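The letters A, B and C name the chains in turn, as written, and every chain counts its residues from 1.
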Amino acid sequence: MSEVPLTHILFLSTALFFTGAYGFLTRRNMITMLMAAELMLNSVNINFIAFNKYLFGSKLDGVFFTLFLIAIAAAEAAVAIAIIINIYRQYQSIDIDDADSLKY
Amino acid sequence: MINGTTIALIPLLPLASFLLLGLFGRKYLSSMAGWIGTLSLLFSAIISLATAGTYFFVSGKVNGVYQPVTVLQHTWLAFAPGVSIDMGLLLDPVSMMMIVIVSFVSLMVHIYSLGYMKGEERFATYYAFLSLFTFSMLGLVLSCNLFQIYMFWELVGVSSFLLIGYYFDRPSAVAAAKKAFIVTRFADLGFLVGILILAFGAHTLDFKTLVERLTTPSPELRSMISSSFLGLSALTWGLLLVFMGGAGKSAMFPLHVWLPDAMEGPTPVSALIHAATMVVAGVYLVARLFPVFAISCPGALHVVAYVGVFSSLFAAIIACTQTDIKRVLAYSTMSQIGYMMFALGVSGYGGEHGLGFTASMFHLFTHAMFKALLFLGAGSVIHYVHSNEMKDMGGLRKYMPVTHLTFLVACLAIAGVPPFSGFFSKEEILTAAYQHNFTIYVIALFTAGLTSFYMFRLYFSVFWSKEFEPHHESSDVHHGEAPWTMKLPLLILGLLAMGAGFVPFGNFVSSDGNTLHSEFHLALAIPPVLIGLFGIALAYIMYNRQNDLPEKTASLFARLYKGAYHKFYIDEIYLFVTKKIVFNLIGGPSAWVDKNIIDGAVNLSADLTDDTSILIRGWQSGKMQQYALWFFAGVIGMVAVFVCLWH
Amino acid sequence: MISSAIFYLLAAFILVSGALAVTSRKIFRAAIYLLFTMIGVAGLYFWLSYEFIAAVQIVVYVGGIVVLIIFSIFLTHHVGSEMEKPNRIRMGFSLMAVFFAFVFCLIIIWRNDFLPAGAAPLELTVERIGEQMLSLTEHGYILPFEVVSMLLLSAMIGCIVIALKVSPEAVSSKKGEN
């Protein structure tokens, strides 16, 4: 594992993050937007673990960040789904562009 | 000498009566209003007589010369060292004479109005306005400072406006009030500029100091004479502009157009304001500044003389053709004031040369009496007949004996028949004119003939001419002539019109304070009397009985008659200038600029804001991903800036 | 040598799955691609010998979140049909922004020298994780542990409240009031 330099792992996580960002900004379906957000969160987890492994081998802080982050991501996904279901009941559609009541 | 505070009561008593009646009159005091007003005036008149008596007989003279005395002077607004608006009372022969005249005639009018205006709904308001006017006029004649005179001048104008427009439900009265106010206000524009020029040149607004500085060779006088504009010196401009204000108030040509229309007001008001007091304010102003006119600026004095004599001739010609009784009297007033003006205009200063000054003031004194008497008598006739037109009258001598006799006395006085008061004052004026300017003398003599002619035309048409048939079935005709409140002032004024001529006026009022001994020139006294009697005879022939002589004479002078009947079309000229020239050339384009350019700019800014807001409201589209995109871009931008700055 | 190859394979797998997850037109396939991405990330953790984290990743993410997503897809969507194409302008701007940001981050990463701490690496065992999580000493994570449990509780209650179906009588009475 030490043959792969840290920057390569960081390249992976950065690419994954921006893929998720692209998906979040582009996808019209709310559930696919949520999926893209999960991708972003995963890339952050990869970052934490990689730094912990390569730079701070004797400590566990990165691992704990990751653990808590996974828990929080789960909670957030659940709440997001609840909101999406509520919006579906209101607008009868999960197209994000249909929920534009806050327009001028 | 009388206490200054007591003298201050002279104008302040009517002011208190105005406030009391104005605030509480209509609701609480309407039955008492007339008596309250009359009582305050009575006290004011008594104090005036006492003050004048003390001044003239006890303490006014120093070394045989009447000195101006300033009482209660208080600096109110100081612009520069020396130039300040003071409030104070100036006592000198002219102002003493004026307070006696104003308070006394006002008292007569108050008593008369008790009967004339009885039954009016706004009785208390009428007396409030009368008191306001009396306060303003008394303040005007007691002013010690040019600006103080200007303030009271405007107050007098306002009171006149209120009183002319008293019957405000009549559109003609409202229009007349507006006309009077606007014309005199326009003249006051010149007055104000004149005041400023004089204040700037002489570095003072106080009358005593001003006259002193501008009649002795002082640096201020030299600077005012040397600086010139369009060929006239600054002093001339100042005096001429001040005279413009005076000409407006005194109804001199061409600012006279308001006076005939002002007859829309109640008749006692016409007697007080437009005969005896307000219209002589212009003469008073010129008399105040007379030393400056006579000694330092004779050119302006010539202008005064010619304007005066022209106005008097002009008005006399028009008065020969008018058929409304009050308008005849209005033009007669204008003519007599013209006499006073040109008497001042031909006068010199000091000793014998000051005959014109004394004559003018004497005529002011006697004219106040007989003109007020004429107006009050006309009011009595109108009250009886319910009409202003001469054709509705005639043969009234049987029904109104007191009015008839007093009216006759007044007409004889104005015609200059001895021994009535008018003879003495007119004779002095004509003597002064003869001594200084022969042309003016001839015109004045001719005007005197016209005066007696049109006055007796009026007299014969009203009291003789034909048998009186009442046009109204109302029971007023049977109530008799007039109540005693209306007859009493007529009688008092009638007595004065007979006897006032014997007052040795030169002992009291003269141009420099010294006693003026006027001699009686028999040769000069006879022509005016002859001309007056000739006028009376002519009027008798034409108007004593109804005949067709007037129509034949009118057709003989057809063009002149038509022009005089239409008041020489001066009103039409004014209307033409204002409507065609001022409204169209100045008013129209200004309105266009206001609507299109100024309003357009405001509308443009509003439209721009509107369009911009429509343009940028797309940012609030409600689409979440658009918000996220902007957010993302903003974060990246900030991080980039931060990182670059950090390195 | 072999481990680098494994890493690059895993990396390619993750990236391809992720790209497909965000661009697929059929929603169920997008969910499955997301599943593959998660499994790939778990494989990465295994490769880094953090087995515990990998296990947690599979249990929570794959077994919980992706399943939840699939349930909600079934609740709200016609699974078989295609989704709409995204707005062209929005796609263009987003690509530009994302690409620019990506290049920027790479430049920062490239420039930085990552210096290791120097101490010897330890083995990651479950006992160590458990001990440290519940310890009260300086490196203990007892407080975040409790806070996260509070968070989970509130999320649970929040979800129930948000997604609560209001009975029809209450809905009509509310509408009648308005």
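Convention: a residue touches a chain if its C-beta (ideal position, glycine included) is under 8 Å from a C-beta of that chain, and two chains touch if they have at least 3 such contacts.
Everything numeric here is computed off the predicted structure, so don't read it as measured data.
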Neighbouring chains common to subunit A and subunit B, by label: C
Chain pair, most C-beta pairs within the contact cut-off: A-C
Distance between the centres, which are taken as Cα means, of subunit B and subunit A, whole angstrom: 95
Separation of subunit A from subunit C, taking each centre as the mean of its C-alpha atoms, in whole Å: 5
Distance from subunit C to subunit B - Cα centre to Cα centre, in angstrom: 99
Overlap residues in subunit C, where contacts from two or more other chains coincide: 90, 94, 97, 101
Residues of subunit A engaged with two or more neighbouring chains: 21, 25-26
Where subunit B touches two or more other chains at once, by residue number: 625, 629, 632
Subunit B contact footprint on subunit C (complex, rising order): 90, 93-94, 97, 100-101, 104, 108
Of all residues in subunit C, those that touch subunit A in their complex: 1, 3-4, 7, 11, 14-15, 18-19, 21-23, 27, 30-31, 34, 37-38, 41, 44-45, 47-50, 52-53, 56-57, 60-61, 64-65, 68-69, 72-73, 75-77, 83-84, 86-87, 90-91, 94-95, 97-99, 101-102, 105-106, 109-110, 114-117, 119-122, 124, 128-129, 132-133, 139, 141, 144, 148, 151-152, 155-156, 158-160, 162-163, 165
Residues on subunit B engaged by subunit A in the complex (per definition of touch): 617, 620-625, 628-629, 632
Subunit A to subunit B touching residues, read off their complex: 21, 24-26, 33, 96-97, 99-104
Subunit C-touching residues of subunit B, taken from the complex the two chains share: 625-626, 629, 632-633, 636, 639-640, 643
